[in-house]
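Okay, handing you the structure first.
Residue numbering begins at 1 within each chain, and the chains themselves are lettered A, B, C and D in the order written.
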Amino acid sequence: MREIAYWQAINEALAEEMTKDPSVFIMGEDVAIYGGAYAVTRGLHAKFGDERVRDTAISEAAIVGAGLGAAITGMRPVVEIMYVDFMGIAMDQLNNQIAKIRYMFGGKTKVPLVIRTEGGAGRTLGAHHSQSLEAWFTHIPGIKVVMPSTPYDAKGLLKAAIREDNPIVYIEHKMLYNTKGPVPETEYVLPIGKADVKKQGKDITLVSWSLTLLHCLKAAEELEKEGISVEVIDLRTLAPLDIDTIVGSVQKTHRLVIAHEAWKTGGFAGEIAAQVMEKAFDHLDAPVSRVCGADVPMPKAPNLERLAIPNKETIKKAVKELLA
Amino acid sequence: MSTSIDKGTAIFYLQKMMEIRQFEDKIMDLLAQNIAEGGSHLYAGEEAVAVGAMAALRPDDFITSTHRGHGHAIAKGGKLNELMAEILGKATGCCKGKGGSLHLADVSTGNLGANGIVGGGLAMAAGAGLSIKLRKTEQVTLCFIGDGATNQGVFHESLNMVGTWRLPVIYIVENNLYGMSVSVKRASAVTDLAKKAVPYNMPAVTVSGQDVLAVKDAVEAYVKNARAGKGPAMVVCDTYRYYGHSRSDPRVYRTKEEEKYWAEQDPIKLFSAKCVKEGLLSQKDVEELDKFVENEIEEATKFAIESPLPGDAELYTDLFA
Amino acid sequence: MREIAYWQAINEALAEEMTKDPSVFIMGEDVAIYGGAYAVTRGLHAKFGDERVRDTAISEAAIVGAGLGAAITGMRPVVEIMYVDFMGIAMDQLNNQIAKIRYMFGGKTKVPLVIRTEGGAGRTLGAHHSQSLEAWFTHIPGIKVVMPSTPYDAKGLLKAAIREDNPIVYIEHKMLYNTKGPVPETEYVLPIGKADVKKQGKDITLVSWSLTLLHCLKAAEELEKEGISVEVIDLRTLAPLDIDTIVGSVQKTHRLVIAHEAWKTGGFAGEIAAQVMEKAFDHLDAPVSRVCGADVPMPKAPNLERLAIPNKETIKKAVKELLA
Amino acid sequence: MSTSIDKGTAIFYLQKMMEIRQFEDKIMDLLAQNIAEGGSHLYAGEEAVAVGAMAALRPDDFITSTHRGHGHAIAKGGKLNELMAEILGKATGCCKGKGGSLHLADVSTGNLGANGIVGGGLAMAAGAGLSIKLRKTEQVTLCFIGDGATNQGVFHESLNMVGTWRLPVIYIVENNLYGMSVSVKRASAVTDLAKKAVPYNMPAVTVSGQDVLAVKDAVEAYVKNARAGKGPAMVVCDTYRYYGHSRSDPRVYRTKEEEKYWAEQDPIKLFSAKCVKEGLLSQKDVEELDKFVENEIEEATKFAIESPLPGDAELYTDLFA
């Protein structure tokens, strides 16, 4: 199968869905002429024109909120927020308007809206351009949260997201854009809400998503050589959470490590740990272990940035500690 | 009277204004009796704004409303029974009892909803305007906001989007002199709210919000432009709310004289007096209409009170499509 | 000891600190002439005047952000956001500016800022005026989160918060304002970051905060009569979390129920459960149980509102289930 | 030249502008060599704005800066060594290496910080203005923002607060025609950015941001007013950034002609030519100054490169006071 980059997979998903459905359009800062800060929308403005690929002013609340207005009146907007770090500005729109409108209206509207954004550390951009804020979003009933780790998942899940009649926060990772992977040339769509067992194993379960998932896979590979069989689950979708797949795995391995880049305290690993305890307490031979981002704003200094987030080594260490 | 209208139209406007007034008076009653629970921000006194503005619309046009949204909902064609039931949180309400007063909505009438967030409809209205442009339907969107809401950041972002893209959105600013207890003078760097349209390249006009026809004329002219692709505009309507901001408001921030002054500018009295004076309606017509509306409201109240609460299973429905 | 209401305790704390320190001032929507939507600041405008008790425009981002600007230039602002539901509008100010500024500047500034706000359900105000959003704030390193349940705690903790050189989100509960409790007439200050064991017990630990804590106490009282001895811990401060007090209790009781009004998924109970598992796995005789808000926007209908949040009965039920 | 200045002053302005220019050129070098990592938004081309505006200030006045903040930091008195070290994330940086280019700050010089959030300094500046008013110190706050930042909601909220309370805050709008790739024409409903001051009851003037004295004069006049309690104002400075928005920017959104036009308006060339023409400085003075600054920058670069990274234990320090 051909291999393409993560950014390209997303770009293809956008192009295909826009071609297929004239109600799909894109808006955001620098998405048109510039093609997106991380170049994900490159070529789309030339292909689909001014009306359907729209550069906006710097105004995150209006971008996201206007997405809602368009979504409930017949369009299927895909809006881009350049960095997830800026979502705070649009948090009221997301929480109070987008997530709640259907429920508040007794089901009398639907919200086919995708908010694409990008997060994560790795480029020493400092505290305002390196965050992983998915835990905020998972604590908002009424939205779905998708965080793909591979080009294949990125494409299939974005196409599904665009076709959904529910609001979706779709978060890319800046260090994934240039990673490559197999993506079929024929059309496919992946189900939102299904985790993917990226590697089978029997001694311990590793749950992760986005960039950190790749670290987990590398860690698992190396651990395999040391005789430790690791099952690696890629959540792909955080909300709704595919807890069954996790619990199924834990029933087999009896041990669970969850890894993510976001701050540990209040991060989504805590939620998973709590649910696993609720559903599989008797299967756990050890406490669920969390390998997460340090509870500090991301420092600029490259050495501190590396220290602040999980990597292959810290994940291996956690696995070994749990098996000790 | 700034435009000549026929008797049917006069009756229609008057009826709508009376419906709003009596609806609100009734809610106040129900709140006092604890039949209605929670908060309600009442529209009494401001009826000419909603009715005048809505008179300029087609049924398929959109509005976004505010926390003070009963009047908008009624004027946009909402059913009194369903609205009243919604305010009581009943299963028969327009939102199945899940929304309540602050979230009255009726997408089927183009009402994209009241909003518990001051300024909450602003970005949505811009998006609805964009959707119209993209779908090329020549609809318009009216975005209702209070004077206080004009100070929110999303006001600026939304009007800039609408102004830049020339979207068919008309802002109806209900300037009732206060945002809760804070007067425009103390909350806003300018008191002439029409000045707030300047950075968005849109025309603005200020009219008496007590004169239903003045509101209608102003809105109508801009709506016509907007349908023709000539872009957005703002209409500032000077008006006044009779009740306090909410039930518990002792209204210490305003004077009895001020309240009296505005009571004299009552939009229903002004309009019915004019209609009678100009021979369009008789005093009897007006009285009969008032009775008719009283009946409607009684029925709606009865309907709402007798309606059941939503079933417990409703807690988890309607979250996702 | 005299008994005063929760609102009054807060009011006294404000008045005392303003009297003591001229750099303390208040701003927010309707805090001056009106005295606050829930009347917490009543009388302060008359007492301290226009300059120190300031009505603002409706502009949550500016209110909170201007608080920061004043805090780093020599003042000690206490800003009010009328409902915690509106904090989404100020989320960027809180997360990107307030919480991070000291760290980003290498410690070269301090932020003596209190953001007072109010949350919770109970008045059938619907989805925009009934939320409990503390989990968002606990997932932001650099701020402290205080949620008192009694007049005594409310006063002592607010005074401490105003004297702190760090930013604090202080969240009141709308259904607590008229609850009464003993408050000394002499001055006192309580430590931020210390949980309070509100009732000793030995069979099971109940952790909660804010209004739900009162439900827990009532549940514990009734359970006591049925022969179940419940230890009730009032967190009072969520960040920093006094995990030691919780773990100490669990080591004694071996069972833990956490109750809060906020949505269950991604709520702070998950974090506590995960930490307890990490620190006291071998002491747990049963999975940590969570009694939380339903994962839906708050419905208007009074019956549904009641169903959507924990109460004495649902807490009792969870305790009994865990002991079964 | 709009004001007469003495030789010392001329040298001071020129030196500061040269420092900024050479600092930025050096950063570009370091980025190209991967000695500097991450992003940096360079100020080259806009030097007259920072230097002219800062010339109107007392040392104890405050500024809030932007994502394009190196120039502001230098002009406000930041030490070149510490600024350069900060951009490289070194322990000797003004923020101990924790801030970086986007968060350059030096509270001891009154610089309340660059900001990774476009518009991030706006509310803070209002608060600093309020603090001045409450502390009665007759300081002022300059709030630097780009044309793009004027579209953020917090711009509106902050200016309304400042305008309503008449706080001593002056807005310096650096209109360099683009916010990243989006031209003012496509992002803003009005291109005359001074119009954006209208709703806030504050005067605004537009000046050439390439003319250090024009900037200084405009800012100085408003600063004087502000100190006297006469309230806020806005100065729009027309200017241009020479480099792309960031390292990876291919600048497809602007033309070579436009870039050439602005290169001809170079603030350093314009100012040094004028000084020479008016006999205030000799060509040799200018050349010597240039050399001197080159030396300063070389030293700062050496200092920064040779400085250590922060110790690992620093990860957890400085979060709380």
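One rule holds for everything that comes next: contacts are C-beta pairs under 8 Å (C-beta built on N, C-alpha and C of every residue); 3 or more make two chains touch, one makes a residue touch a chain.
Quick caveat: nothing in here was measured; it's all calculated off a predicted structure.
Novice: Just grab the chain with the largest centre-to-centre distance to chain C, centres being mean Cα coordinates.
Specialist: D
Novice: Between chain B and chain D, what is the gap in Å from one C-alpha centre to the other?
Specialist: Comparing mean C-alpha positions, chain D is 46 Å from chain B.
Novice: Measuring centre to centre with CA averages, how many angstrom lie between chain A and chain B?
Specialist: 40
Novice: Mind checking the centre-to-centre distance between chain B and chain C? Centres are C-alpha means, answer in whole Å.
Specialist: 36
Novice: If you look at chain C, which of its residues touch at least two other chains?
Specialist: 56-57, 59, 61-62, 85-86, 89, 92-93, 96, 103-104, 126-128, 141-142, 295-297, 299
Novice: Could you say which residues in chain B touch two or more other chains, in rising order?
Specialist: Residue numbers touching two or more other chains: 95, 97-99, 103, 115-117, 120, 151-154, 156-157, 160, 164, 186-188, 319.
Novice: Graph of touching chains, which shape: line, ring, star, complete, other?
Specialist: complete
Novice: Residue numbers of chain B touching chain A in their complex, please.
Specialist: 62, 64, 93-99, 103, 105-108, 112-113, 115-117, 120, 122-135, 153-154, 156-158, 160-161, 164-165, 317-321
Novice: Would you pull the chain C residues touching chain B in the complex into a rising list?
Specialist: Contacts found on chain C: 29-30, 33-34, 37, 55-59, 61-62, 85-86, 89, 123-129, 294-297, 299-304, 307-308.
Novice: Would you mind writing out the residues of chain C in touch with chain D in their complex?
Specialist: Touching chain D from chain C are residues 25, 51-52, 54, 56-57, 59, 61-62, 64-75, 77, 92-93, 96-97, 101-111, 141-142, 164-166.
Novice: Quick check on the complex: what are the chain D residues that touch chain A?
Specialist: Where chain D meets chain A, its residues are 37-39, 86, 89-91, 95, 97-103, 115-120, 148-149, 151-154, 179-182, 186-188, 249, 252-253, 309-310, 312, 314-316, 319.
Novice: Provide the residue numbers of chain D that touch chain B in the complex, in ascending order.
Specialist: 151-157, 159-160, 162-164, 186-190, 195-196, 198-202
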